[in-house]
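To start, I am sharing the structure in question, which I have written as structure tokens.
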């Protein structure tokens, strides 16, 4: 289980990964590389905020092996420029969390969106990166890719779409597709904790996500039962599988051994690089002149976040499965 | 929190609703009417299994008021015909949970799909029906409707689509749209427990659901940021709201006071009324001749289930909100 | 995990035992016998309320084997005489929960103490009885006995002490000692979830319990370190053990393979068979004339409750242990 | 809820305090002073390990006020001397956790006992110190004192008892008494989560604790019901209280507004400053020559730990109480 903490412009982001089995090899270089995939400035249209995101593991790993104890870690915030946020401390930015946090807590660290910043996902990536290494020893892999940016699903025109939006001071959303391979049959809690329900909660908790589907998804709702039936077969190696995979690797909330497939929809980045009308805390109209350093499209940076969350869910369920028998 | 139990052909389904506040008025007739909406045989294309689904509350309510103690309840199974399921005890039905449950537990009550039967949703409806009554005293309402059956979203042709599928021995899925009105701003846990993440988990845990989206959803991923911006306004009554609602009533994982909107995709019913090829537990090819009593389309019966799950999530978060300040 | 429900004078007590592994043999006769040990009227000084306490399992067990699904069960309340409690609906009985429940919930089912009645322990005994059967297949046994009644620890004089108290319209408490044998080394979560902390919480949650100690307990606090050192030895069979067992089978919160020993202190039954001064809900002085049917000493009836709670804790930790390695 | 992490000789100890209400004033100087009470070297017979234990709050507090977000914090380990522990990496120290951790995890950071070190309690004290400040604004105070060291309860002779034990290379345990004042009536979950059951779990989770009692405790088990009856009275200010407090401020698992009283038994420190017989990991007999820097008696250092744990439990239940009504 991951517990995380940190405000965007506080001293550090961090987390505690609890319940990780003992004796798992963790390659710290590999982990840092995985975390680096989430850093901005690596692809067109991403923020120029330059965080090195150096992972400091404070506990739970000794000589490259997990101890079974909680893995505490931090990632320092080193490039925060709070002055960019002076205006917003008194205004509500549209499609942001300023208003709702103020309503919930009555107090809000608006610098860089504070805890509401997508910077919190760095903790997910650290923890998920460790989970991924554990899963890989079990032959389980997770791979996410950007399958759509705005209306474009052809990767050759995606870069242009982003450049166009950027030149308009506008932003884009899109869809990430994720496939988990090598999951053994039998994982998932079949009523409230269906494997896809856990995956949905994990993915929907990523900032900007507005939709989730697995297997045939929303399109499956338009088909007849006879069109989406995954026929069981016995393979030559004696294992049981299905000829097609409309079920997305999960039946009745439990993995069936086929690839687990899902799609995650991200809304466009809410911060535009143009003047935007809004109101201040007293309800007076204002015009926002966004400064800060913001992404035009976060999809590519979100890939390791999606993979991390998938890994945490699958590893949890792999461990729970062990308790199904005495 | 709802804990539930029950196999389709066992003596009873039931549950325990824990943490319900004390002093809430529960109208048992209203509750029974709500539960009755889930019963089969009320609309075209639903099972002819005739369960009366009489709710027996065993604790937690006295003289029509909640005591603050756990509300234990059961609903007897009275019309189970286990003989219809003789064949499937040795075979795996496609798109069903037979295989995955066997893999997970090594033992499976296949009569009527046992615990994997959608009959388990009766417990959700009982508990959610109580939550709905609590919410209504707070001015919060939940309304779900069938917005799509198969490819049809025009309700005038939906009945025909179902009849056509039925005459072909085939089945249909569809989409349910749900709106929650009157939710105050400030509900939801903003990182892992975002309000829409909780709603997604709740909805995805309903049998047959393959997709979830809120607000603009998957369509929002195709739009530019400037097109989906919900501008803040101060209303005449002094409250703050938004001009549009692409955010679906939730920003940063926290309710903003606007209507919460979501769409839930259901796959077609997996049991066809025609011969279907499959394999038995030894992997030998078999032809399934489904008998039993099955729905062609479950969307209408699922409406109270969707409303119930929404109510449980909203009430939970309403209570948690009280702990945000000393 | 056990979830329970039920008020003393409602229709039934019950519970849901979740997470029980699949394929465990449950002997229902043995279970009923275990539950019967908790019934009143079997030893001197216990209530004459005559509940048959017939266990009805509603789910989770088929053909004598657990399915891995939630085990729902009820025990009907058949001998409730609510008229005995007319006076107390308006008064606070000393050392009872009347006042505190009223303060917490603002509403209280005072008939037979409602949910605050020790009758709730019947659900613990049902669930724990199943856990005990699972543990016995692993060679783990739990045995509790009354080691002290009032000031007496000699069982030959205990009956007389109870009879004396009864003739005085008074009541007695005492101490139950419990030993768990056969627990493998390595069970328990070593920081907040120390095995003895879990056992303490479980035992202290039993009605009337005022103290818990394990191993040397309070007496150990009076000894020097050199006097209570459990020296490690290698036994002839190659296993590692300790020469003495001041640690009570738990070191650093984790079982070490020795017998787990603990002692649980019960206060005297609060309801006296004599007039007692108190106040009513308006604070006016009243004299209570207890009627009802009450125990003089509950220690013997509490034995299966202690064993049940111990079994639930040990089984939980046995399962969690499986997740310590991939 | 507190999540903690850290091994004794790793880079840092730390934790995340989740669910703390927003807007609570935290005085960092006061917090540091509270944490300093736990440091060694302040009273006779405590370790000479010289940790400054500087609290670094990384999130959740801004300008001296809680934000409602997780409070992440670390305390660096600066004075670790791992070379003192060379021998024990291959041996099992009696009454320590070396053997049980090895059995549970198959891997163990034995330097300074790793995660099993009482050094983990520094995270409890940081989190509990914040909770205490929150409680004090509600008029709730927690006070613990050493009521017994070894066989001595006269504080004038306690220092001599410790000096004597130290000169013998021996150690002592004792009893801490703790009183919580100002708790309103109505706190605690009345069945499994009784307030005293939660307090018991919290206290029993502190290293070296072997016993817990509240109110009359084990002594109450020796009394007749008529001797320990806490008579209800209406006070002049109109509030309801009890004349005596054998119940220790808790009835039926719920606070009744009287002082909550409890006693916690600590075993003697396991590490003696003399040669001790044991075995190595292969089961061969060895003689341990303890070095390291160890306490003779930890009772005084444990006082803030007890107060911290009490504060965390009471604050949790104070918040939960808010959810008992709509």
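To keep things simple, chains are lettered A, B, C and D as they appear, and every chain counts its residues starting from 1.
Operating definition for what follows: a residue touches a chain if its C-beta (ideal position, glycine included) is under 8 Å from a C-beta of that chain, and two chains touch if they have at least 3 such contacts.
As the structure is a prediction and not an experimental result, all values here were calculated from the model.
**Q** Tell me which of A-D and A-C has more C-beta pairs in contact.
**A** The greater number of contacts lies at A-D.
**Q** Using each chain's Cα centroid, which is most distant from the centroid of subunit A?
**A** Relative to subunit A, the chain whose C-alpha centre sits farthest away is C.
**Q** Taking each chain's centre as the mean of its CA atoms, how far is subunit A from subunit D in angstrom?
**A** 37
**Q** Could you please state the distance in Å, as a whole number, between where the Cα atoms of subunit C are centred and where those of subunit D are centred?
**A** Here subunit C and subunit D have centroids separated by 26 Å.
**Q** Could you put a whole-Å number on the gap between the CA centroids of subunit A and subunit C?
**A** It comes to 45 Å between the two C-alpha centres.
**Q** What are the residues of subunit D that contact at least two other chains?
**A** 4, 22-23, 68, 104-106, 115, 324-325
**Q** Building nodes from the protein chains and edges from chain pairs that touch, which of line, ring, star, complete or other describes the result?
**A** Drawn as a graph, the chains make a fully connected set, so complete.
**Q** Inside the complex, what are the residues of subunit D that reach subunit C?
**A** Against subunit C, the touching part of subunit D is residues 2, 4, 92, 94-97, 99-101, 103-106, 115-116, 120, 148, 150-151, 165, 168, 170-175, 185-188, 190-194, 196-198, 200-202, 204-205, 207, 210-218, 220-234, 238, 240, 242, 246-248, 250-257, 265-272, 274, 276-279, 283-284, 321, 324-325.
**Q** Quick check on the complex: what are the subunit B residues that touch subunit C?
**A** 3-7, 10-16, 18, 22-23, 56, 58-60, 62, 65, 67-72, 74, 104-109, 114-115
**Q** Would you mind writing out the residues of subunit B in touch with subunit D in their complex?
**A** 19, 21-24, 68, 134, 137-138, 318-320, 322-326
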